[in-house]
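Residue numbering begins at 1 within each chain, and the chains themselves are lettered A, B, C and D in the order written.
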Amino acid sequence: MSLKDWFANRKKRRLETALVDSRVCDDELHKLWVKCYNCNSSLISKDLDKNLLVCPNCDYHFRINARTRIEQLLDKTSFEEINAKISPADPLDFVDTENYKNRQKKAKKKTGLNDAVITGFGEIDGQKLALAVMDFEYMGGSMGSVVGEKVTRLIEAAIEKKLPILAITSSGGARMQESALSLMQMAKTSCAVAKANEEKILYMTLLTEPTFGGVTASFGTIGDIIIAEQGARIGFAGRRVIEQTIRQKLPSDFQTAEYLMKYGQVDMISHRKELKNTISNIIKIHAKSTKHQKKSKK
Amino acid sequence: MNKEFTPLEFEKSIYQIEDKIEELKNLSTRTGIDLKEQISTLTKQAIEYKEQLYANLTPTQKLQISRHPKRPTFLDYVELITENFIEMHGDRKGTDDRAIIGGIAEIQGQPVMLIGTQKGKTTKENIKYNFGMPQPEGYRKALRLFYHADKFNMPIVTLIDTPGAYPGIKAEETGQGIAIAENLREMAKLNVPIIAIITGEGCSGGALGLAVANKVFMLEHSYYTVISPEGCASILWRSAEKASDAAQALKITAKDLMKYNIVDGEIKEPLGGAHYDHKLTAKNLSDTIIKSIEELSSKDAKTLKEERYQKFRKMGVFCE
Amino acid sequence: MSLKDWFANRKKRRLETALVDSRVCDDELHKLWVKCYNCNSSLISKDLDKNLLVCPNCDYHFRINARTRIEQLLDKTSFEEINAKISPADPLDFVDTENYKNRQKKAKKKTGLNDAVITGFGEIDGQKLALAVMDFEYMGGSMGSVVGEKVTRLIEAAIEKKLPILAITSSGGARMQESALSLMQMAKTSCAVAKANEEKILYMTLLTEPTFGGVTASFGTIGDIIIAEQGARIGFAGRRVIEQTIRQKLPSDFQTAEYLMKYGQVDMISHRKELKNTISNIIKIHAKSTKHQKKSKK
Amino acid sequence: MNKEFTPLEFEKSIYQIEDKIEELKNLSTRTGIDLKEQISTLTKQAIEYKEQLYANLTPTQKLQISRHPKRPTFLDYVELITENFIEMHGDRKGTDDRAIIGGIAEIQGQPVMLIGTQKGKTTKENIKYNFGMPQPEGYRKALRLFYHADKFNMPIVTLIDTPGAYPGIKAEETGQGIAIAENLREMAKLNVPIIAIITGEGCSGGALGLAVANKVFMLEHSYYTVISPEGCASILWRSAEKASDAAQALKITAKDLMKYNIVDGEIKEPLGGAHYDHKLTAKNLSDTIIKSIEELSSKDAKTLKEERYQKFRKMGVFCE
């Protein structure tokens, strides 16, 4: 149900998306000024890029797509994608106001992606890791069979290779067009995390703007360590659904990363600029202690 | 037909036929005219009509039966299928969520950990049980009981009938998402047989949080879905009135879900639905549980876990 | 600190204790009427005994001593005590307004016990179990080295014999006269429960009036199944300590068994008359499932 | 002597001597009279006096030092002894109790899980950290971090400075007793080395809930007891003013507790107490931690667990 919010908020978001996307796609527009969604100040597009898409004025973290995230976080050219070709089917022949197949085509055209997640291996400060990065631009980052399958395969491959895993979420929830099949991806990915646990593979998650519904209630929040990106909104049920249920307005900081940390649900909040360093340190400390383990087993 | 039920829309024709039969009977008694044959024919026709009707229910009609206020609840089943049910309250952390109830019991002499979502039949009960919508603490209680069962080698049986996990401020604050996710992950690690049965509404993550099982069954007129048809309609069709279309599109019935290997079997309900005969429904439930436990008990922990893993691992349809 | 309450409440309690004790010790007084502490009705002493020391009028559960508890709960003559001779030392030479040695002597004279717990083996409906029963009459049921040692030995013996364990608590908390040594009994008994867990021995606790402080924060509340006797007051900190801290009065049902169940801390509440049957069923169901386990291991 | 400290009662004589030395120095400067020798002698005497005083502190005096408002807190030690401390917030169930803080870090290059109780130095901080008195949720956060350390083979180090677990309504409702008891039990099951250090107040179950360790140390002027001397006095002597007697009777110092094998060692503090030299105190702490980890790391999980069990198993004195 949490998708509801994101659909409802579409207009505002479209504007923002358009601006951000335009900078990426179009060289002409690339020179343009961008307006900060939060503080309304006008920013030079290139400066914003250099600043990791964080407003230099008010620290507002613009939502970023999967490719940009990978570029920002990993050592240069270290990323190797896997299972890129897995793409969605339409097992239920789902038609609402538009049919699912069409929605897939549009999303692919808009994002250049086959579905809402990119998975693969890469390095952070020379340390190898397995990485899954969701992309909200592809149908609201919703999780269907493809997201579930790719995340699961990634975890299985990381177990095989004994690599730490980082899952970066950005999702409105489950892919309704796949109904129960999409629901089952929650179980599938969580079972894969269970395997990683049993093999003592470090499984980290990074929750970014926005993370809701089925992703929050599955692989997103069962990290050994959960990092939330500053300002990200994270929750199970959508704001509107809750407001309808309780018939009152919610506080403005409700379901922000900061709110979640106060309520003990995330290990830490990270500024985008600190992310790489933080993750690098976490991997380093765990690698060291695991090394000790291997030694002491001998 | 038991008149204490408020008839659902599609049940009304049945009521009309049965009223007609009743009239004939009264007429016969009053006037002494022999109407046996007519009554017998009409009765047969009524049964045929019902059988046909209930074999061809639309998803929306099933939805209505699954939500029928007289449908047996978890505690009704406890009463009907267990001996020595001993409820184990609380999450040991500050809350005893009444929307999820669990405890140890024997079913046909077989020790089990029996856990389920509870709905009320009256307004007062519905408030007490929060309309069967668990808080995070309910899932944590269930997890505590899962671990207990795991330690003492008890098969776990969950009976699920929920419109979903509760969407509220406190539920968000205490981690509704985390609670469900941790259950999904931890159920994967359990060493005992797990049997999940959707007895009514099996709605979204709130249902799945008790359903990472070796065997998943559905009662004939229950439904299982990622989102309620009403919720789906209001998002995708932007109109809750399109719930019927959504119910159709979402493929929410046992027969649909068996096709995708999401559900292992359908448990027969009495003609007209579980609310017409609690005992018979409970009997079917109990037999399914015991048969499944017998089948699973011969397997060792490793096999049980691996089979459970593979079961969910295979779910999903995509192109490659 | 929780002992404070019980000391503060002494006068009321003494009265009650005197009445109850008198019935047990003195044949003359045995014919007397007893006043219910709760509803004030006059009860025939023998009737009260027959009614398991529960007021037939208002269901008030009188506090009972360890011997009586064992008689009420176990199959007749099935109890075999172990480690009866372990008795307290005075390692700290502790003297407050009275010295510890004297307090021990008085308590022994009053109760006939060497310390505040009786341990041993017995049967419930023919099912063997290991049993520890605390006695509040011995220095407020406080836990010092003897209680810790006897409970630990019982658990170890039960593990050895593969028997279920039932610990019945009634305690004001730690035995201050043994200071850190008494504190360490919390760790010792809890470590023993950890061993029982690892050996999958069923460990049940029955919390009875009153259970506070160090016993609540150790072996009392880590039962696989926790039963609270109806009406028992159970808590960590004492009522007065909390009232002093928060500077307000507490609700009257605070820290009752019923209150604790509402807050998810005990599995169930049992009427004294139902106790034996409930425990018997719990043991039976667990014995059956463990049997299955043994079978399936073959 | 650093004058920014408010002197404790027994420190006053030291301040007087030091004032006298200061006076002499000033006099010498003003008048040109050579007082070097007198000053040197007095300085020596002052040091001797201090050494004697601090070697023979009464339990009550130690109590005062252990509670000194300038005494280093957990976060001071984090700053001084760790590299890369990464705090891990929250119990994942609705609360991030600030009275207990924990996270992963390196100490002298050794990865550890470092957890401790936190006190404030100002009123505002004290409210934030609840005067170092954890709620049940703080113990549950610690337990989550214990499991994390266990999974990833990190030694656990706890630094304890608490007047006890918080006695409040909500704490009772969410299970203060259960939370502590579960920590005691679960710490017994951990497969990694555990080192606990009482750095200030080690009061009752609230301290023990982080201290079921393979090695337990105390800073020189810390105390460890089943109940605060004030609480004990008000119960047994029925007068909080007898706290001094209680402090004596309760045997709360490191040296006392080493006799009963409750504590493995005393960690030296700078002359006058930890608040006179945070860095030196931290250095001693860090060295003790690293030495202990080196000693324990060679042992396998089974040995670590069994030794921890036997350590506490043997505690207690009784007649048989």
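Here, a contact is a pair of C-beta atoms (placed from the backbone, for glycine too) under 8 Å apart; a residue touches a chain by one contact, two chains touch by 3 or more.
Only a predicted model underlies this, so the values are computations on that prediction, with no experimental measurement involved.
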Worksheet item: Any chains in contact with both chain C and chain D?
Response: B
Item to complete: Could you quickly compare A-D and A-B and let me know which has more C-beta contacts?
Response: A-B
Discussion item. Measuring centre to centre with CA averages, how many angstrom lie between chain A and chain D?
Written reply: 42
Worksheet item: If you average the CA atoms of chain A and of chain C, how far apart do the two points sit, in angstrom?
Response: 53
Discussion item. So the centre of each chain is just the mean of its C-alpha atoms; given that, what is the distance between chain A and chain B in Å?
Written reply: 34
Worksheet, complete the sentence: When centres are defined as mean Cα positions, the distance from chain B to chain D in whole Å is 55
Practice prompt. Scan chain A for residues touching two or more other chains and write them down.
Written response: 197, 221, 263-265
Practice prompt. For chain D, jot down the residues that touch at least 2 other chains.
Written response: 92-94, 173-175, 178, 182
Worksheet item: Which of line, ring, star, complete and other names the graph you get from chains that touch?
Response: other
Discussion item. Under the stated touch criterion, can you name all the chain pairs that qualify?
Written reply: A-B, A-D, B-C, B-D, C-D
Response to the item:
Listed in rising order, chain D residues that touch chain B in their complex are 92-94, 136, 140, 173-175, 178-179, 182
Worksheet item: In their shared complex, at which residues does chain A touch chain B?
Response: 1, 3-4, 7, 85-89, 91-92, 94-97, 144-146, 148-149, 152, 174, 176, 178-188, 190-195, 197-198, 213-214, 216-222, 235-238, 241-242, 245-246, 250, 254-255, 263-265
Discussion item. Give the list of chain C residues in touch with chain B in this complex.
Written reply: 197, 200, 202, 224-225, 261-268, 278, 281-282, 284-286, 288-290, 292-293, 296
Worksheet item: For chain D, which residues count as touching chain A in their complex?
Response: 84, 86-97, 104-106, 111, 137, 141, 148, 151-154, 297-298, 300
Practice prompt. Note which residues of chain B are touching chain A in the complex, please.
Written response: 164-169, 171-178, 180-182, 184-186, 188-189, 204-205, 208-209, 211-212, 224-228, 231-232, 234-238, 245-246, 249-252, 257, 260, 262, 308-309, 312-313, 315-320
